[in-house]
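The structure appears right after this line, and notes come after that.
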Amino acid sequence: MSGVRYAMVVDTRTCVGCAACVIGCKTENGVADSYARDWVYTETAGTFPNLSMTVRSERCNHCEDAPCISVCPTGASYYGPGGTVQVNQAKCSGCKACIAACPYGARFIDPNVGAIDKCTFCVHRVENGTPTTSCQEICPTQSIYFGDLNDPDSEVSRLLAKREHYVLMPEAGTKPRHFYLK
Amino acid sequence: MNEITTTRANHLIDPVMGVWHGEVALYLFLGGLVAGIMVLAGLAMLGKPATERSRAASLMLWAAPVLISVGMFFLWLDLEHPFNAYRFYLVLRASSPMSWGAWILLLIYPVSILLAWVMTPDDVRAHWRQRLSFMPQFDAITEWAERNVRALAILNIVAGVALGIYTGVLLGTMAARPLWNSAVLGPLFLVSGLSTGAAFMLLYRLKDAERVQLGVLDMGFIVAELALLALWFIGMASGGAAARGALAVFFGGPYTAAFWTLVVALGLLAPLAGEWIEHRHGTVPGRVTPILVLIGGFALRWILVYAGQYAGLAEVAMR
Amino acid sequence: MKRREFIRAGSYGVAGAALLGGVSSNWYGLYGNPLPDPQSDGDQVIPSFCELCFWKCGILAHVKDGRVIKIKGNPKDPLSQGQLCPRGAGGTGLLYDPDRLKKPLVRVNKRGDQTFEEVSWETALDEVAENFERIKATHGASALALFLHGFGAGWMRHLFRAYGSPNIAAPSYAQCRGPREVGFDLTFGSGIGSPEITDMGNSRCIVLIGSHLGENMHNTQVQDFAAAIRNNADIIVVDPRYSVAASKARYWLPIKPGTDTALLLAWMNVIIGEGLYDRDYIDRYAYGFDQLREHVKPYTPEWAYPRTSIEPELIRRTARVLAAARPASLVHPGRHVTWYGNDTQRSRAIAILNALLGSWGRRGGFYIPSRMSLPPYRYPGYEPADGEAADRPAPSDYPLADEALAQGLCEATIPGVRGDPKIKAWMVYGSNLPTTLPNPEQTYQAIQELDFLVTVDVLPAEIVGWSDVVLPEATYLERCDELRVASYRQPFIGVRQEVVPPMYDSKPGWWIAKELGNRLGLADFFPWKDSMEYAKLRLSMAWLDCDVLQRDGVILGEPSPLYFDEGAVPEFWTDSGKIELYSQRLAGHGFDPMPVYHDDELEEPPPGYYRLLFGRAPTHTFGRTTNNRLLSEVYAENAVWVSREVARKWGLEDGERVYLQNQDGVRSSFTAPVKVTSRIRPDCVYIVHGYGRKPKQLRFAHGKGIDDNELITRYKVDPIMGGTGMNVNFVTFIRASDVTPEVATDVAAREEVEA
């Protein structure tokens, strides 16, 4: 794919699961009360005292093959700038097919609008000269990286080139644009 | 077993997805039912001449536009933004079963109404023709329909099959929901639709000959449905971990009892047995078995709608 | 006409839309996709600093149409560096908390039953002044005690000093950092302070004793901790619980609670025994090494093993890892260290270990903070305090305490505890004593004995319900405050400005203090018009421009060398002028001059009971944020961490609700869900502090989760400085389902009284 390909990378080594990214997103994006576009996931493996724990901040993966878009009957869900996955609430009927189609539980109905809301990769910032997403900006451990996969010199490209990483549920075949560093 | 926590608590997805409820189940049920009626009516029309048809049978197809409207109303109720529903009809999105469905639903009306009109008993038609005589187009349409009755019958069969399959495909294409995600769901819902369609007809005053014929047909449908259920299960059992995890909802999982009693026992095996006994003893099918079939048909959609949401990829992975 | 059809279509839903079935694409511009834009940037962006906790990060508040929309970090601020912890980002949840104190209140009924009448500020302040004057007249100013916490408290401290009371105490000393400050001061001649002078960002090895960084969210500390992880520093976490920090560590030592000193001594034993310590550093700067060498000889890893349950091999290996990284290896001093009543000695052990590693004054260890001075405002000198401080039975008790003891002032209020009560009235500013001082029953008892209690707060906290007069302060976003002069890697001055005008009838702390001052005949101590005028004047005395400060939020000072080898002067303000491995001061007072592990000190839990440990949730600051609806979306209530083993024994299900009951039969007022986890030892349970709020006026937080403090009926006082060790209580489970109606009702009853 040509042009800009936005992607997000979260470093699970440094993420402490503090949820500043959650609050930072909610206030930046006016997310409805008791809903969140991003969230903290932890998984503890092993038995006491031989334990390991993964901590990471999750959100919409802005999948390259986004089932949420293909099932959308109204075209409200679409590929936006830099290959991000966006929703035009004015077109959304609230049929919720996309919620059912998303393997990651990234979408929800904004009760104030009756239409889909989800992570936008902060295109209102990154497309208008602010290089960071809000969750990235606030993160006290600076565990969130954002940039252009098509630019080999971007921080995300360099990190993915040199560090072990994974995406969530690759078996879902959605080609996430959201990566996690081991 | 790993210890998992998440701070996400979004209504409708957490802890278990609940985006679709009874409205959708009812819509899927009625959709299948209408599909069944249309196909059977179409076949009847291609089959024997009108003289052999009971009055009930001749009026039956009118149920299609009525029931589909009821179904669509419930679907509309399920929308979070009902006033944006017109958006369905500003585009046709090839990749979206729901988009196809929206357009198919539109097709149902002209096709079923025209054929229903042609099938309607002459006395009724005469009455309406002279009442509507003030608009000549009406006669024109009637004559056109009578001339193309075979085409209409075939159209009804085609639209019916499309509708029936679509109600299954709507769920079947959701890769994120391993329980739904199966090519079998389309045919399964179609056959179940035909079966409920037949059962629906059997509720009315049909000629014995018609009843017997529908009874036999329905046995066929039920057997086919059982076969498709088996296929669906085998598909999941031989599928990946997620599919197997999803299948578990019917084997020890929360939907085990409901599924095996309501859908399989009550909705399929019981009526099959009933119809078979009636057939053996040459008695005319009564109204008990059809009711069971209808209950089973609805239960199938109801349970599938909920179980499918319960068994998402992520959820299954976590359990 | 088509338009009309559309509108109709819209409103007829599907039916109407059906009419338009055939409509083909691209009419009416209905197909454009404008970028989603929340428009949340303020039309005004005002720098200030945060007060959701006590770290004071620089913020940028975005104001739009008079509302604070969002709060970001101020990139110019050395502490936030443009980043915030969740609490700082959620400040609007406090500003717009519907349950805030809105008007001054005066109690009309008996104490604690929460019946107040709203009054004017005039009336409220007059009432306070009259009572102060009356009590000063009869008992002297020393009968007035001030409890305080938070940055705004400076004004009240000033007021009390001027009024002549020596009894000013912050629970953030004897219930928090105290033992650490004393332990390090005894060793290096200066304390750790806040922000801690730890140089984690450059450390190559970090030991955390407790110190659950990542849950403890002091912003810059967490930033530095993350930097250390990025630099592949070896992290060793000593904690009975698998904290988030432990999950980032190379070594997790699940130590038996209360035995850290044994581990620290064993580490010294290995590091000295194997000659791994920093010889020149010790030779050059340390006093008493030979005594220490002899002292730690018996404390072998084998000796420590049965006490700490940490394998000798693991103790040796970690000691070597620690030493290998020196001097860039840091044994973190922690912050909340009031655990077992022998905490000054544990802090001493930590300090001594750091000395052996030569980490004080070295990159990656402890840096020497850069200071900048700002001339104080010229007031008439404070009156010499009238009377002795009342926080200790006798001046000879807790001889090394360098601040007043909050629990001491509380005890001095109750007849009998110390003969005649010396304290008759309290002013409480930003400190929720019933959830903060151990043994709340004692706190309530003291309150009942008071002639007068005035509270300055922003929310209807527990303490508010017991007050005679309640003064609603404006939140940090609605007020100017004292200037912040910070010693740090680079010193700076920070300013807190009014981002939006005070809501309701709330007033800034400076105004409250000034108004009270005027009424108490202390007008000379409040000559300025407002805090901004005060700030401007102080800045002008240092030739600093207030406009710049207000524009940027901070003014940076001159950095000075942070490390000895870069020019920082190695000065140690101890008696010997050296790093005291052997403390003459302690010896002089009859305490162990070097840390000793006393086997009899640690009490074991009775059968069926588990040691109650407590800590922090990243999104909350004690109870001050549990009613913050924005922050509470993430963790609305706390859970009781129970090990799998214990859960199995009790048949406790994950998520099952329980009451906790302690060794003295005190049962929590509310329930919390059990978190069955592998992440904790079987001899203890863990809950986050700040939940189980009693006041019904806290409509969100009320009744959610369990308050650890209720169960802390016992505490062990540190003989050296009077810190209250609070990890000495044991709890057992009572299934919510087993609680009989009577119990339920008497719980409710207690809640009534206490709320």
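Going in written order, the chains are labelled A, B and C, and every chain counts its residues from 1.
Throughout what follows, a contact is a pair of C-beta atoms (placed from the backbone, for glycine too) under 8 Å apart; a residue touches a chain by one contact, two chains touch by 3 or more.
None of these values were measured; they are calculated from a predicted model.
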{"item": "Pairwise touch network: line, ring, star, complete, or other", "value": "complete"}
{"item": "Centre-most chain [mean C-alpha coordinates]", "value": "A"}
{"item": "Comparison of B-C and A-B (more C-beta pairs in contact)", "value": "A-B"}
{"item": "Distance between the centres, which are taken as Cα means, of chain C and chain A, whole angstrom", "value": "33"}
{"item": "Between chain B and chain A, distance of the C-alpha-averaged centres to the nearest whole Å", "value": "37"}
{"item": "Geometric centre distance via CA averages, chain C-chain B, whole Å", "value": "63"}
{"item": "Two or more partner chains touched - positions in chain B", "value": "3, 7, 9, 79, 82, 84-85, 88, 90-91"}
{"item": "Sequence positions of chain A contacting 2 or more other chains", "value": "19, 22, 34, 36, 40, 44, 75, 91"}
{"item": "Where chain C touches two or more other chains at once, by residue number", "value": "30-31, 633-634, 677-679"}
{"item": "Residues of chain A touching chain C in the complex", "value": "13-14, 16-20, 22-24, 26-30, 33-34, 36, 40, 44, 46-49, 51-53, 55, 75, 78, 80-81, 86-89, 91, 120, 123-124, 127, 137-143"}
{"item": "Chain B residues within the chain C interface of the complex", "value": "3, 7, 9, 72-73, 75-76, 79, 82-86, 88-91, 103, 106, 109"}
{"item": "Chain C residues within the chain A interface of the complex", "value": "30-31, 33-38, 40, 69-73, 82-86, 88-90, 92, 213-215, 217, 219, 222-223, 225-226, 229-230, 242, 244-245, 247-248, 252, 254, 618-619, 629-631, 633-634, 643-645, 677-681"}
{"item": "Chain B residues touching chain A - in the complex, by the definition given at the top", "value": "2-14, 17, 19-20, 78-82, 84-85, 87-88, 90-91, 93, 95-99, 101-102, 170, 173-177, 240, 242, 309, 312-314, 317"}
{"item": "Residues of chain A that touch chain B when the two form their complex", "value": "19, 22, 34-36, 39-45, 58, 67, 69-76, 90-97, 99-105, 107-109, 111, 113-115, 169, 171-173"}
